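Shared between the two complexes below is chain A, which has chain B as its partner in the first and chain C in the second.
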Partner chain A sequence: MTDTILEASGLRKEFGGVVAVHKVSFNVARGEIFAIIGPNGAGKTTLFNLISGVYPTTGGELRFRGHRLARANPHERAAMGLARTFQNLRLFDNMTVLENVMVGRHTKSRYGLMAAALRLPTAHREERVIREQALKRLAMVGLEGRAHQLVGSLSFGQQRLVEVARAMAIEPQLLLLDEPGAGLTRKEVEELDDLVRRLRDDGMTVILVEHNMELVMGIADRVMVLDYGQKIAEGTPLQVQRNPRVIAAYLGEEASVGLHPEEAYVATQ
Partner chain B sequence: MKRLAGRTNAIAFIVVAGLLAILPAFLANNYQVSILILVALYTILTVGLSLLMGYAGQISLGQAVFYGMGGYITAWLTVRAGWPPLAGMAIAALITAVLAYIIGIPMLRLRGNYLAMVTLGLNVIFELIVIQETAWTGGPDGFRGIPKFSLGGLVLRTDLEMYYFAWFVALLVLMLSLNIVNSRVGRALRAVHGSEIAAETMGVNTAHYKVQVFVLSAVYASIAGSLYAFWLGIISPSVYHISFSIELVVMVAIGGLASVWGAIFGAATVTLLAEFLRNTLPHLLRGASGEQEIIAFGVILILVMIFLPEGVTTGVMLRYRRWRAGREALKEIKKSAETMGAE
Partner chain C sequence: MALESQLLQYLFTGVTVGSIYALIALGFVVIHNVTGIVNFAQGDFAMLGALVAVTLTTRTPIFNRVFVADFDLPLPLGIVLSVLIVSLIGAVLYFLAIRPAKGASIVSLIIITIGAHFAFQGLALIAWAADPYGLPVFTRGGPLEIHGAILTRQNLWVIGVTAVILLALYLFFERTMLGKALRACAINRLAARLMGIDANRMALLSFVLSAAIGAMAGIVITPSTFMGYDSGTFLSLKGFVAAIMGGMNSATGAVVGGLLLGIFETVGAGFISSGYKDAIAFIVLFAILFVRMSVGVRKGQSQFEEVGM
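Up next is the complex of A and B:
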């Protein structure tokens, strides 16, 4: 039961002299929804960049499914079953919605330059599967009707969902969602909430960086709080909400986290 | 959309092949045929460079080297070693591929435009070698006596025969390239172009694909170089000057980055313009030698980069698409405003 999918111990990241992440340790269990919250500049996105390999770590160790990640490139981590989305969308603007998601099937297909150039039967076969699987992921986020539009023609919220679908297409064991709720309408947030639960029920582990406290407190099994690059709390949503250090970090003294989601959200902006 | 794109490409292909097949009937003389052979060879070169610039985001300022390697290795193998033309062409492409791979691996793992610098240097070295190593290359006088292309008993003796063969190869290269673009590999490349970091995190080995495109562009250049050698029977160093590498970049800029079809347009425009300038400049400007065409290309390149940085064909298409999308969005807004008013 206590099968750990991600182990971070003493993670550290410096940019020049600035310490963005300082000795952060945490474990994420397989099949849980783990949320990382904290004020802006707390180091949440930096932490994601360390896990996904966009930045090398300055110190500490990361283990994914028991393997040390230190030397793995981002694309190798993706092949190991680690996918992510980006806070500031990084979609492929030169492609359609469907093609964006099809890129997510890259590690699940094999055929190369020669097979592509000569349109060998393997290419045809794999291409059909890639398309089917991509369409399936698009349907899961409710965007199958937009499949053939250029991705830039979609609304911001829809573009976020395309990123989620693209990451889902990797069939990751661990999915990192960087502020998936930002810029979404209330209805879209509800759909996202639903989707993340379904992914967890399908056996996916989800780590979520999010400012929308209602969303976080509703779906997270456990929450970790960062402030100035350091971990200040970890526990169930209830435990974290009552933690005085968390309340202080977020709102000064009065309000508590989660009870007034709108205020907490505003306060973090 | 992909199926639709596939069909439009297939139709475009048949139309272009048909036009090229009947075109010689309308040509007045051999000079015009030979211009069109050049357009075919430059199309092959431009397709490769366009993939490299458009997808890998890298500029090669040394495509003339690979073009030259195709020519010189083919010449040496067919004349000195007595190999059949097709074998010479194939081995030349292979050696060129290996060289490109060796250069590409360290350069393309680094971010930034190191490749442009290295290929530029390579072009200088290559020119010196072909001029100096007279025993191997024939030096400034050129390598002479290269046989016509032949396969079995079939020999391509006339320019017209070469015209058909060159365009056959050019269309083949176009077809293979279109297949690549509309595939897993093509998507990976377009992803690299769209966002390198996102492509990496989606599992795309970006360095690997950049090297592959670079090698592919070198192989295309080598094949074009071999055809050039078979056609003229003599090759000399001046052809492989850096200015030719730059001319190829201008062809890509006009044809469009990452645009396979644009390659024909870019190659044709620059070749015809070069011929036109070469013939008219000396009449217009007293003392102009015709070599000053390169100035015109410089100006064109600057204008394209300022106003249509995606390339002329891609840029115009993109602007058209944006304009249409904008108009549709406007319509939708008006419609929703009307329905809201009705409510």
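Up next is the complex of A and C:
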């Protein structure tokens, strides 16, 4: 258990009377790629929101690197090494690509208002380092050439990569990717696949929620399946694919490989 | 006076008055962008800045003339101290009134700022009574005369100080990590928090920054116009109109809105009647709201969404 990075036990989330996540327990080991799948409305994104602190939990416990997360604010979780991307992009629209990624390095900034206002050399040097580090992250996703464009001028797929680069700028130990493949072209999905593997090889732990089964089954070390807020299966991609409960939950979608209806919808937006 | 020099005169006066509106509007925009709140105590920061500066630099009876403030500091020192004190008041406002109401709707928070406005006004009445106060002009010397229009040295100070504040804000927001964090928070608070930015700290910073800008606006205009406990009301309203003219979210818009409002007012007062000076601001406000509302309805979107978060 020493190399467990995230432990969830009996996680529960209610909205009013609706139970969105019900007694979900799982462990994620350091350095693995852990996928969470399930039909629409299964509670996958809610689970991400609980882990990243967007919502408080109704019950259960979350431990990240052994620390209880319950009372930590989102920004404190980010500082602890937890980063995420969003299903619907949440970039800083009026900023350049580079600035977006630089904001991700905010937690690494030590000099405050006065130093910045007075343009002290230390603050100046620090900003240059942050800029260089941000450029390095952009190079990792192949967007260094776009650094000074406004982020809104990029294609959807490129914006998605900016979000990943911004999350990487936190230097997270655990990266949560919420449907990273949604709305991407096949070629972009391949690049994403490659990027996630490289991140794992660099020692990062990745949890992803994804509808693209091809991507999930190819990349994930382990898969957890949610249905109606409950965990119905967990195991290697092969084990999960053969699980009768999983097949029943997807009801005829068991053979689906490629574009999920929701993905097609997102892609047309 | 020839029409040409008359127009030039209106322009000079309009830009000077407009600079003050622009600074107040900037305060509105900074707080609104970061927190979603429209802070109606913004004009009171200007009033407090001016009255604190007066108290620190000249012999002033305070608290119903029970005490006499006799600091007699040199003007530059008094101004710097006053800006610092009002920044602190901005922080106190945030900690006492805004932070405890965490989770309240934006409308409730806006009403809290209206309450804060009356509280500041009441406290100022207790401290400084209903007397008008003035500051000496920053530099002595005769006014400049350009094509028959008069530009006083204090007008130049007002325009210059506004320009310097704008430049400083630009550098802060574009060139520093803290400025970027503040902008990130303004664009998407949730994403900013998940990037490790403490939204509460940014909200506090926005109140401090707006209070400082307001204080400077109040101080720089006090040599040309008297300032009293109730001057905050009109400054808030004019600044608010200017901020709305600029779209409420844009610093550049706020400045352009402020300057335009100042020029409209002066020209209107000059050509129609000075009695209509204040009415002009509100006619402009109604016109803009009317146009934006109908554009919004045509687009099928709710204006409340835009105003809210």
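In this text, the second predicted complex is superposed on the first by the 249 of 269 C-alpha atoms of A that agree within 3 Å, B and C clash if a C-alpha of one lies under 4 Å from a C-alpha of the other, contacts with A are read in each partner's own complex, and residues count from 1 in each chain.
Please note the rule applied: a contact is a pair of C-beta atoms (placed from the backbone, for glycine too) under 8 Å apart; a residue touches a chain by one contact, two chains touch by 3 or more.
Keep in mind the model is a prediction, meaning the values are calculated, not measured.
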Clash-or-fit label for the pair chain B, chain C on chain A: clash
Which of chain B and chain C A:95 touches, first, second, both or neither: both
Which superposed partner A:166 touches (first chain B, second chain C, both, neither): both
First, second, both or neither for A:52, with chain B first and chain C second: both
Which superposed partner A:106 touches (first chain B, second chain C, both, neither): both
Contacts of A:148 with chain B and chain C, given as first, second, both or neither: first
Overlapping contact positions on chain A, where the chain C interface meets the chain B interface: 52-54, 73-75, 77-79, 83-84, 86, 90-95, 99, 102-107, 109, 111-113, 116-117, 123, 126-127, 130, 166, 170
Chain B residues touching chain A - in the complex, by the definition given at the top: 1-2, 176-177, 179-180, 183-188, 190-191, 193-195, 197-206, 212, 216, 258, 321, 325
Partner chain A, residues of chain C touching it in the complex: 168, 172, 175-181, 183-184, 187-188, 190-199, 205
Residues of chain A touching chain C in the complex: 52-54, 73-75, 77-79, 83-84, 86, 90-95, 99, 102-107, 109, 111-113, 116-117, 123, 126-127, 130, 166, 170
Residue numbers on chain A that touch chain B, as the complex places them: 52-54, 73-75, 77-79, 83-84, 86, 90-96, 98-99, 102-107, 109, 111-113, 116-119, 123, 126-127, 130-131, 148, 150, 153, 166-167, 170
